[in-house]
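Going by the order they are written in, the chains are A, B, C, D, E, F, G and H; count residues from 1 in each one.
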Amino acid sequence: GFAKLDHFRQGRTGFPEVVFGEGKTVHQIINIINSLMKTNRRVLATRIDELKAHQIQAILPMLTYHPVAKALTWVHSEEPEVLYDGYVAIVCAGTSDLPVGEEAAITAEAFGCKTERIYDVGVAGIHRLFHQLERIENASATVVIAGMEGALASVVGGLISNPIVAVPTSIGYGANFQGLSALLSMLNTCSPGISVVNIDNGFGAGYYAALINQK
Amino acid sequence: GFAKLDHFRQGRTGFPEVVFGEGKTVHQIINIINSLMKTNRRVLATRIDELKAHQIQAILPMLTYHPVAKALTWVHSEEPEVLYDGYVAIVCAGTSDLPVGEEAAITAEAFGCKTERIYDVGVAGIHRLFHQLERIENASATVVIAGMEGALASVVGGLISNPIVAVPTSIGYGANFQGLSALLSMLNTCSPGISVVNIDNGFGAGYYAALINQK
Amino acid sequence: GFAKLDHFRQGRTGFPEVVFGEGKTVHQIINIINSLMKTNRRVLATRIDELKAHQIQAILPMLTYHPVAKALTWVHSEEPEVLYDGYVAIVCAGTSDLPVGEEAAITAEAFGCKTERIYDVGVAGIHRLFHQLERIENASATVVIAGMEGALASVVGGLISNPIVAVPTSIGYGANFQGLSALLSMLNTCSPGISVVNIDNGFGAGYYAALINQK
Amino acid sequence: GFAKLDHFRQGRTGFPEVVFGEGKTVHQIINIINSLMKTNRRVLATRIDELKAHQIQAILPMLTYHPVAKALTWVHSEEPEVLYDGYVAIVCAGTSDLPVGEEAAITAEAFGCKTERIYDVGVAGIHRLFHQLERIENASATVVIAGMEGALASVVGGLISNPIVAVPTSIGYGANFQGLSALLSMLNTCSPGISVVNIDNGFGAGYYAALINQK
Amino acid sequence: GFAKLDHFRQGRTGFPEVVFGEGKTVHQIINIINSLMKTNRRVLATRIDELKAHQIQAILPMLTYHPVAKALTWVHSEEPEVLYDGYVAIVCAGTSDLPVGEEAAITAEAFGCKTERIYDVGVAGIHRLFHQLERIENASATVVIAGMEGALASVVGGLISNPIVAVPTSIGYGANFQGLSALLSMLNTCSPGISVVNIDNGFGAGYYAALINQK
Amino acid sequence: GFAKLDHFRQGRTGFPEVVFGEGKTVHQIINIINSLMKTNRRVLATRIDELKAHQIQAILPMLTYHPVAKALTWVHSEEPEVLYDGYVAIVCAGTSDLPVGEEAAITAEAFGCKTERIYDVGVAGIHRLFHQLERIENASATVVIAGMEGALASVVGGLISNPIVAVPTSIGYGANFQGLSALLSMLNTCSPGISVVNIDNGFGAGYYAALINQK
Amino acid sequence: GFAKLDHFRQGRTGFPEVVFGEGKTVHQIINIINSLMKTNRRVLATRIDELKAHQIQAILPMLTYHPVAKALTWVHSEEPEVLYDGYVAIVCAGTSDLPVGEEAAITAEAFGCKTERIYDVGVAGIHRLFHQLERIENASATVVIAGMEGALASVVGGLISNPIVAVPTSIGYGANFQGLSALLSMLNTCSPGISVVNIDNGFGAGYYAALINQK
Amino acid sequence: GFAKLDHFRQGRTGFPEVVFGEGKTVHQIINIINSLMKTNRRVLATRIDELKAHQIQAILPMLTYHPVAKALTWVHSEEPEVLYDGYVAIVCAGTSDLPVGEEAAITAEAFGCKTERIYDVGVAGIHRLFHQLERIENASATVVIAGMEGALASVVGGLISNPIVAVPTSIGYGANFQGLSALLSMLNTCSPGISVVNIDNGFGAGYYAALINQK
C-alpha cells in the first residue's frame, strides 16, 4: 500500500543520502559509506573529527577529508565535479565561524554546485563586505554565517537580491547563550529574503542553497 | 561616494517595496501607496485590518482587499497577473493557521507567482496530506505553515524534494509559549531541505518562496 | 496512625522497587539489590554504566546486564518471564535515541510485559513507519521516543488508537536546548491520545506503558 | 494508494471526532456538530463560552451545556450513557483548577466512561486527600489537576498504583510563569506512574484516561 | 552621621531629578513638578500620555508637551536652552522606534545638550545611513535605537568612533520576545564602543549621552 | 563619617564571618581561617573539597572536616558547642540531596544551634515523612531540601507550623534544568510559611534557620 | 486513620485561615468570611479590589477595608489588636511597590504583630535608607520589597542582622520580565540572612515575618 | 566607491586594533601582533592563558603579560604610557570578579588612560565602598564589576555622578544562570547614569570608559 510514498522518496535521489558522523563509530561509518558507494556516485559524511577521518581513510583511501569542515567526500571517477550552472556564495563573519562556513561550502560542492567563499567580512569592519558585493549578488543563493549578534545577515539582506540562508553560530560568550543571540537576530531580521536554519547547521544551509541553485 | 550601494539596491526593483501596515495610520498608508503606485506596477500592503482597509479603499478604490490575509494589493492594468512559470505550494496544517497561509499566498501572488493552496492537512489526520503530495512535489518551492508542535514541516520535508520555507504560527496554548514550540520544532527538523522564518511571518515566507520560484 | 498509608503502598507491590543507579556507588547498589532479591521475585536497576555493571556482576553473577539500556535485571528462577497478555510497542526515531528506547523496553519487560521494538522509523524517512503500523496498532500501549524536533510522536498519534507515552530525548544541537524542542513538541501535539514524560526518561515511559498493559 | 492509512484511522472511530470551539464561529460550530450527529452517536465540543453555547443551543436544543467545563455534549437517545466498566478518578487541587477538572471529567464521560470527582484536595490541607485514597486507588486511571507548584501529582503518585495523567494548570502568579512551574514539577516528579499533558489541557487528560479505562 | 552621603548626592544637582510619570496620578505629577520648579531651573517628566499631559498643562501652562516622546519639559526663563558645546546624535532604525528616539532626544535637550536626529536609517536600506555618517561621527556621543534584530547598533559601531549607547526597542513580533532579540544583539555586538540600556529606555540613553557630552 | 555604618555591622558579630572556599587556594583559605581564629571563637568554611581539606588540616589540625557537607569547622576550646535552646530540623528528600542537607546542618551547628536530621523522606514514599512529623513540628525552624520537583516543601508546609526555609537542589535531569523545576515549585508553593533560598544553597538555609532559632 | 494528620493541622490554628480573593465572587467571599467569623477571632482576606470590597462591606459592615493593600480584615471586639512583643519592619523601595508593602504589613498586623513601615528608601537615593537603620535593626524580622533590579534586599541584608524576607515585585519594564530580574537578584544575593518569596507575594512575606516575630 | 567608508574607519586609529586571543593559535597571535607592531605604537591582546603567553613571549620578549587579566600589552619605547588627563575608576565587588576587573583596567591603560582600582567593595560589606566614594566620584568614568546579584552597580549609581559602565560577571551558582542574574539587575537599575556591556566583558567596559575619558 505504501508504494506511492516510496515513489515520492525516489524523486529525491539526485541528492544522495548524507552520513551524520556524530555519535557513530568508525566501523559504522565505514559500513554505511561502503554501501552508499555502491548505489551513489557522490558521498558526503559530516561531523567527523580528524582522528576518525584518518582511521576511515586507512580503509577507504579514495575519500577526501576536509579538516576545517570536518567532512569526508567522494565523487565517482566518471561523475563530473560540477553538475549545475551558477554558484552559491558562502559569506562568513569571523574566523571562528569558518568551520560552519566550510561545512556549508563542502556540502554544496558535494551536491555538484560551484561555490564562492567570502570570508571575514563581519560588520565590525563593514567596508570589507562592500568590496565583495558583486560576487555575492551574482550568486543563485547566498549562505550567511555569523555568531555573536549575527547582524551580518541583515546587512547582506539589505543589499543583495538573491535568497539568503542564514546560519547562526554558537561563537560568543555571556549573553550569547550558545548562539541564541544570533538565532533570534536572524529570525527577526528587518531585511526581506532571509530564512534561517539551526545554530551551527552549516550542512543544512549548504544543502538548502544547493537545492535552490540546482533549479 | 555611496552610488555603488544605491546601485545594488536597484538590482532588487523587480520586487516592489512592501507596506507593513501595523502601527501606521490610514492617512500614512494612503500616502505611501499613492507614491508607490507612481513608480511601481504592483503594490502590496500587509497587516491591515478590515476597518482600515475600508477607509483606504474609500480613497483608493482600485485596491483589492484580502480579508483573511489582511492584505491590500494592486496590479497596474497593463501588468500581467502572473510573471513567472512554476508555482509556489502553500501547505497549511489547521484552520487557525489560515491567516498566515493567506498572507504567504497573497504575497507570492503579488510578486507575480502562481500558487497552489493545500490547506487543513495537519498530522493529526495525515492521510489528507498524502492525497496532495503530487501537487506539492511539483512546486518550485513550498511554504509549510503550522502551529502547536509544527510537526507538519518535518513530515512534508521527509516526502518532498523542493526547498521548503517553514512558518511556525502562534496558534496553541500552554507550553506552546506563543509559537516557541513550533519554532524550535522547525529549526530542529530531522528532514533536510527546510529553512525557517519568524513566527507568524507569512509575508516573509511568501516573499522567499517567490524569490526561488522567480529563478 | 499511618498504617492506612502503608496499606495503600502495599497495593503497589506487584511492581517491585527500582534502583536508580546514577550517583550510587557499586557497594550501595549491591546492598540494595541484595536486599530487594530477598523480598521480590523481579529486580531492575537503571542508569548503570558498563564498568559499574561488571563490578556488580562479579559479586552478583545472577544479574543480566543490558549495555544499551544501561540496566541490570534479575528474575527469580520460579518466576515466569512474562506475566501479562498483550505487548508494549517501543517506537524509536533514530539510532541515537536507542539507549532511551532500550531503557523503556527493558523496564517494561522487567515488569513482566512483552514488547515489540520498532526502531529507526523517524519522519525523515516516514515510509519505514508505515510498514510497521499494524504491529504498533495492536499493542496495548505505545512508547514513542524521538529527539531533535520530536515530530514522530504526533505522526504516530495521528495514525494509532492505543495510548501513547512520548519520551523526548536530548539528541540534537543548537536550538534543541538539550531536549526542550522535542519536549515542547510532544506537549503541544495536535494528535490526541499522547502523554509525555521527562526528557530521556525511558524508564518512566516503560513503567507507565507496563501499568496500562497490565490491566 | 492511501487506503491503508484511512483504514488505520477507521480503527479509532469508537472515539468520535471532538470539536475544539476556540476561534470558531457559532455558525461553524453548528455546521460541524450537525454533520457529526449524522455519523456519530456521541458528540463533544470543548472551549465554548456561555454566550456561544446559548446561541448554539437555540438551533440545536438537544445539546447539553456544561458551563464550568465550557463543553457541549450530546448522546444519541439509543446510545447508553456509560459504555465501559471501571471509572476515571478526577483529582483537583483547588477551586480555581475546577474548569480544567470539569473539562477532563466531561470528556471522559462523553466517551462513555464513569468518573469520580475528588475536588479541593490540594497539599496545603493534605488530610482531605487521605480521606479519599480508596476512591482514587480503585479507579482504572487517575487525572490529577493542579496549578501553582503542582505538588499534588507527586503526592498522589506516591500513594496510588493506577496510571496517573497529570495536568498542570496556569493558576498562579509571579514565578509561576503561566503554568510553567506546575508543568516542570509534574515532568520531574519523583513518583513513578505519572505522565503529563499540556498546561490547562483537561480535554487531553480526560481523553487519555478514557483510552486506558476503555481497555 | 550620613552627611557625607548627602554631600555626594549634592555633586549631582547639575542634573535635576526626573519625574517618571507611569503609574502616577495627574494630581501627584502636578505636585512634584510644582515643588521641583521651586528648586530647579529645568524640569523633565517622562511617560506621560496625551490626556494626562493636557490636564497637567491646564494647571501648569508653562510646561511644554512633546507628544511623540510623551514628555513634559520646562526651562526657567533666565536659563539658557543649551548649556554645553557639542551634540548628541540620536540614530533611529524605523518609524516605530521614534517614540523611544524622541524620549532620548528630549531628555538630552532637557539637560542642556544639543541633539541631531538621524531617523529611519535601518539596515534594510543601509545606504540611507551612509549619507549621514559625518553628522554621527562628529557627535560627542551617539544613541542608537533599534527594534527587531537591532543590527543597526553593530553597523554604526563598526563605522563611528564616539561612544554609542544602544537602546533595544520592543518593536517586532514572534521570536522577538518583546525586545529580547534586539537586547541580546546589542549586548553581543562585535563592534567595540557600544554599551546598552534597558529595552525601550530612551530616557536612560539620553541621560547617559548627556552625561558624556557634558564633559 | 561612616562610623555609624560600621557600628551596624558590629551588631552582627555574634555570627562569625564565613569563608566561601570555592575558587580560593589552600594558601588563601589557611590565611583567612588563621586570622578569623584570632578574633572569633567559631569558624566555618564551606565548599572545600576533600583534597583541599586535607592540605588545610595538615597546617591547621584543630579544624574538623565534614566530608559530605564539604565544610571545615572549628570551635574554641572554651566555647560551648551549643549556644541556644531549641533546634533546627533538617528535612531532606533523597540521598542525592544529602550534601546540601549536611551543609545546612553543619552551618546551623557552627552557629551554636542544635539540629535534627530527618533524611530520605521524599514524597514518593510519603509515609516515611509522617512518622517524623512530631520531630519536625517541635523545631524552631525547618530547612526542607529537595531536588527534582521539590514537592516535599509544600507537603511539609501543609502539615507543620514553624517557619520553613526551602532549598531547591540541582538533582534531576532533562526538564529539571539544573534545579529550576524545584526552585519554581518552592516559590509557587500553595502552603504558607515557606521562604526560599538559591538552588543548592545549604549554607544560606542553615544560616537563616539559625538566625530564627537564635531568637 | 488520619486523625494524627488532623491533629498536626490543629497546631496551626493560632493562625487563622486566610481568604485569597482573586477569582472568587462577592457571594463566595461573604460566605467564607461569615463562617470564619464563627470559629476565629481574626479574619484576613487579600486580593480584593475596591468594588468587591464595598459590596462585601454592605453585607458585613464590621470588616475594615485597606485600599492600598486590597485587603479586608476583622478582629473580634474582645480580641486585642496586638498579640506579640517586638515588631516586623516593612522596607519598601519605591512608591509603585507600596501595594505589596501594604499587603505584607496588613497581613502581619492581622496575625497580631506590630509593624514599622519604612517606605521609599530605594538604592537610587540610598541616604534615605541610612536614616532608618536603627528602626530596621531593632525589628524581629524585616520584609524588604523591591522591583526593577531588587538591589535593596542585598543592601539591607549587608547592614542588618535580623532575618530578612525579600519580596520581588513585578514593577519595571523591558528586561525586567515581570519581576524575574528582582527575583533572580534576591535569590543570588551576596548578603547572608535573606530568604525569598514569590513575585508580588506581600501576603507570604508578612505571614512569614509574623511567624518569626511570634516566637 | 567605498573610499569614504574606509575614511570613516581611519578616524578611529587613535585606538589600535585589539587581538581577541580565544581560539587563536600561538602562531596566529604572534603573526598578528608582529604586524600590528609595525603600524601601531600600542598593542593589546586579550583572553590569552598563561601557557600561550609564555610561548608568545619566548618569540616576542618585549610584550608584558598580565596574568590576572590574561592580557598581553606593548607600548613603543617612544610612546608615553599615559596619553590623557583624568582617570577611569574600576570598582569590583568580590575577589572572584578580579579577572574581569583587571581586563577592564589593563584595556583602559593600554589605550593611554590612568586607572584607579577599587576592589572588594561588594554590598555585603557596604561600608568598604563608602570609604572610597571620593576616588570614584572624581573619575571621568567608572567601570563597576559584579557577579551574583550585581547590586553594586545600582548602589554606586545612586551615589556617583560620572557615567558608569556596568559589567555583570558569571560568578555565582544556581539561579544565577551564568551571569543572567547580574545582567538583568544592571539593565533594570533604578539609578540613572548606568549602561551595560556583555557578561564578563571587561575589555568592552575598559574600552568604553577609555573612550569617555579620552574626550
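Here is the rule we go by: a residue touches a chain if its C-beta (ideal position, glycine included) is under 8 Å from a C-beta of that chain, and two chains touch if they have at least 3 such contacts.
Since we're looking at a predicted model, the values are computed, not measured.
The fewest steps needed to get from chain C to chain E, moving only between touching chains, is 2.
In this entry, C-F is the pair from A-E, C-F or F-G that repeats the interface of B-D, since more than half of their contact pairs coincide by residue number. If you average the Cα atoms of chain A and of chain B, the two centres end up 26 Å apart. Averaged C-alpha coordinates give centres for chain B and chain F that are 58 Å from one another.
Chain D has its Cα centroid 46 Å from the Cα centroid of chain A. Shown for chain E are the residues in touch with two or more other chains, namely 1-2, 4-5, 9, 125-126, 130, 159, 174-176, 180, 183, 187-188, 192, 198-199.
Partner chain B is touched in their complex by these residues of chain C: 93-94, 122-126, 148-151, 154-155, 157-159, 172, 174-177, 180-182, 184-192. Against chain C, in their complex, chain A makes its touches with residues 1-2, 5-6, 9, 23-24, 168, 170, 178-180, 183, 198-201.
Every residue of chain A that touches chain B in the complex is listed here, in rising order: 4-5, 8-9, 11-12, 14-15, 18, 130, 133, 137, 140, 159-163, 165, 183, 187-188, 192-198, 203-205, 207-208, 211-212, 215.
Across the interface of their complex, chain H is touched by residues 95-96, 125-127, 130-131, 173-176 of chain A.
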